[in-house]
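Presented below is the structure to which this report refers.
Should a chain be cited, it is by its letter among A, B, C and D, assigned in written order, with residues numbered from 1 in that chain.
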Amino acid sequence: MPSIDLNSDCGESFGNWTLGRDEDVIPLVTTISIACGFHAGDPVTMLRTIDVAKRSGVRIGAHPGLPDLLGFGRRTMDISPSDTYAYIAYQVGALVSLLAAQDLTLNHVKPHGALDMLRRDRALAEAAADAFFDSMDRPALYWPVAEGNLLANALGARGARIVREFYPDLEYASDGTTVLERHKRAVSADEVKTRVRRLLEDGRVKTVDGSLIEMRAESICAHGDTPDALEVIHAIHEGIERSGWTVGPVDIA
Amino acid sequence: MPSIDLNSDCGESFGNWTLGRDEDVIPLVTTISIACGFHAGDPVTMLRTIDVAKRSGVRIGAHPGLPDLLGFGRRTMDISPSDTYAYIAYQVGALVSLLAAQDLTLNHVKPHGALDMLRRDRALAEAAADAFFDSMDRPALYWPVAEGNLLANALGARGARIVREFYPDLEYASDGTTVLERHKRAVSADEVKTRVRRLLEDGRVKTVDGSLIEMRAESICAHGDTPDALEVIHAIHEGIERSGWTVGPVDIA
Amino acid sequence: MPSIDLNSDCGESFGNWTLGRDEDVIPLVTTISIACGFHAGDPVTMLRTIDVAKRSGVRIGAHPGLPDLLGFGRRTMDISPSDTYAYIAYQVGALVSLLAAQDLTLNHVKPHGALDMLRRDRALAEAAADAFFDSMDRPALYWPVAEGNLLANALGARGARIVREFYPDLEYASDGTTVLERHKRAVSADEVKTRVRRLLEDGRVKTVDGSLIEMRAESICAHGDTPDALEVIHAIHEGIERSGWTVGPVDIA
Amino acid sequence: MPSIDLNSDCGESFGNWTLGRDEDVIPLVTTISIACGFHAGDPVTMLRTIDVAKRSGVRIGAHPGLPDLLGFGRRTMDISPSDTYAYIAYQVGALVSLLAAQDLTLNHVKPHGALDMLRRDRALAEAAADAFFDSMDRPALYWPVAEGNLLANALGARGARIVREFYPDLEYASDGTTVLERHKRAVSADEVKTRVRRLLEDGRVKTVDGSLIEMRAESICAHGDTPDALEVIHAIHEGIERSGWTVGPVDIA
């Protein structure tokens, strides 16, 4: 039976503010990406999230973001290549060290929100790739990779592992990219299940303009910060099962 | 000829704001402690500072602080033991990773400003000691250690290396602790030289009430953020030379 | 029928993080205090909260806090009197201007969290009182005032209006002060109702050590950031009604 | 003798970090714009700057910026119109209130750094114009206004006062806009003097491609954050004097 990874972005609370239901979500997935303090997350939240993840046995990646707490890292900022390198290396590095203290290693890096710009700007993509290679022994990228993604290209050309993600609760444009919205809309559990089955059974996704395009993915990303997050994750599990697949982690090495 | 270490806190600029003359100071010392982004410093500044330090061949420690940019980490905050562990482990961890990318290792940790509270609160001191041991292979503390310093005690009891510092431009209380002031006062270069010689030749320091107390130190700390920083450092060098000593790094291992 | 004011702290969301159910809570109270961006709140959240409050016709106060987003302003910080004046005048001033744009005026100021230190430190209390008088035409303080509250004394001595608050979901010490906890505990709706009736009918509150002490209050504060906030507010309303009282705003002028 | 205003951006220190020589610069100009805490400045710095300005008798405007301390507000961020309104109204409002406490009124608003985007985006420009009109009795804009500046157009259409600025130490493009650089380059005092005389005597400025274009301005902006700031300001004074003009404030009313 073929298997597919199921991942979720976690640790996006900040101080007194809670976002997502990490304690409930983490046991339902195989891999998580932890916010590192720039767009969300803080050292205490990171440690608490690592603790839950360790107990659940899931693989842990870094989810670095732009230094914009107020905008949750979702607003494009005109940062330089040296900013890009430094911000990613710092955030990933902090997480690597916190993991090492728990005898854990970093599985992957997944850029957050408006770091989306890394797929379109060559200089920033190269700087980010440098940061990946300087921060991890076996660089791996989790991302919804479409054609022309300059970060995926830069990393792939240097031999990094690229794990393509699929987002069953986001809309896709005809070029295979997801449509980023500042506040997420809810998608029905049934629609999510349909999209998962379409991915696994047909290798396709329906775009916002109604056409079907090819879609390959090794991991499905489940958002944990929506009111119906658990319902959606259960729908993903059901879609995977109905397709005759099973849930299992990606082998990075 | 006996030798003494000379250290300086560096990387305390932030974004567009410059503090200290790191490029001039670093070549004149043997060891530096780099701010890690909480009270001062930012990822770009950290990398720039590491670069200068690497070229000068100085040893590099972490200078973690309280999350209070506005107060430069100099205001006591009522943080918990878990905050303490997390803030130190995160900051030190980020620096460790940035250093590793340059094939460098962390030499020591030196708490900044109001983290001074670690010498007086047992629970915070233990949490900080945990963070030291979880972040470094060979934990070492740089600090102006006096009697009853709970962090030094907690670290020492576990076998960490304690490097006692002397501050020739600060005032000392009769219990051997330094008097923290929000804005530093200038001390004459001559007075600095006198204090260095008194330390090396007599093993003593004069306190604010005029008495002489015993003072042992393996490193002299030179502030780099005062207008006359370079003059003071030259005075320290001169004081060391006049005492028949030489400047050399501490052997941590 | 005697009336008592019912107030709630609002606008404590930050960017993408939501705290409290302001849209549901505001129509159930007579007065709110809006966070001003230091411990919580941000300009967009403030405007949204003002908008809801204006539509509900409630009176609006400022809820300034310490500059500590990460600690939600609940950690004592060693700020100076000039910091105190500046932080309060800035936050209150920003809100006053945002209100003026909506033809609204500021009703009162209520210090948040660890600004609690204003009741114990005379220099800080005087600085805060200066800020009140410099920011408002008719200074008024909302606070759980007990004996020896230096801010209330400083303001009262200058003729400011002091509106004593009662917190039916917090524990009281025998000196009439509330016990601040970093994370609030839930109190049953029935217990809340009992406490409200005890206040209105007997003028007393039961302390953590089980004794009954005198308690006067012109306003009851309902927290809006607990899971059962609405249930608690309904219990307060019920307690007020059962006591033969009604809910109505305090007349500041 | 015709007169021209001389203005400078001030209050751009932050906490322990100093930027600019405000105490020296303010007595040499007629008008200043004070940073309001988002890109630079903090409440204590704002009050200190107001104090110096009041003693010097200069007119005071607000210098609001993007919420990006790390980037000093010089990095374009993809903020929304409602963000724009809120950030400007909050910052300007805070300053208005701090001024009112000193019996001073706000003279003008001058957007900082990457708020430059307000000249190119109609929705943001309209939102900013709303904020100006909601925060001030007599809205006035200080800015290096060129053709097609949408904020100036939006404000002008509503009857606001537009005070065109000239920057003798910046480079100009052929469309009359200034070329923003993250770190300013030094320009010789002689060149500054030449540019001032060219402005006042010929009504022209030389662009980066060497051509001369028409330039009208009611105020000359002197940067206070360069090492040679005072020398440049003296050169501006000399250029004004040599041209047969004098230095005097703009009449906003």
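One rule holds in what follows: a contact is a pair of C-beta atoms (placed from the backbone, for glycine too) under 8 Å apart; a residue touches a chain by one contact, two chains touch by 3 or more.
No experiment lies behind these values; they were computed from the predicted model shown.
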item: Common touching chains of chain D and chain A; value: B, C
item: Self-contact between copies chain C and chain D, residue sets same or different by half; value: same
item: Chain centre separation (chain A, chain B; CA means) in Å; value: 39
item: Two or more partner chains touched - positions in chain C; value: 42, 70-71, 83
item: Of all residues in chain A, those that touch chain C in their complex; value: 13-19, 40, 42, 69-72, 74
item: Chain A residues touching chain D - in the complex, by the definition given at the top; value: 67-68, 70-71, 75-80, 83, 114, 182
item: Of all residues in chain C, those that touch chain D in their complex; value: 37, 42-44, 46-47, 82-83, 85-87, 89-98, 100-101, 134-135
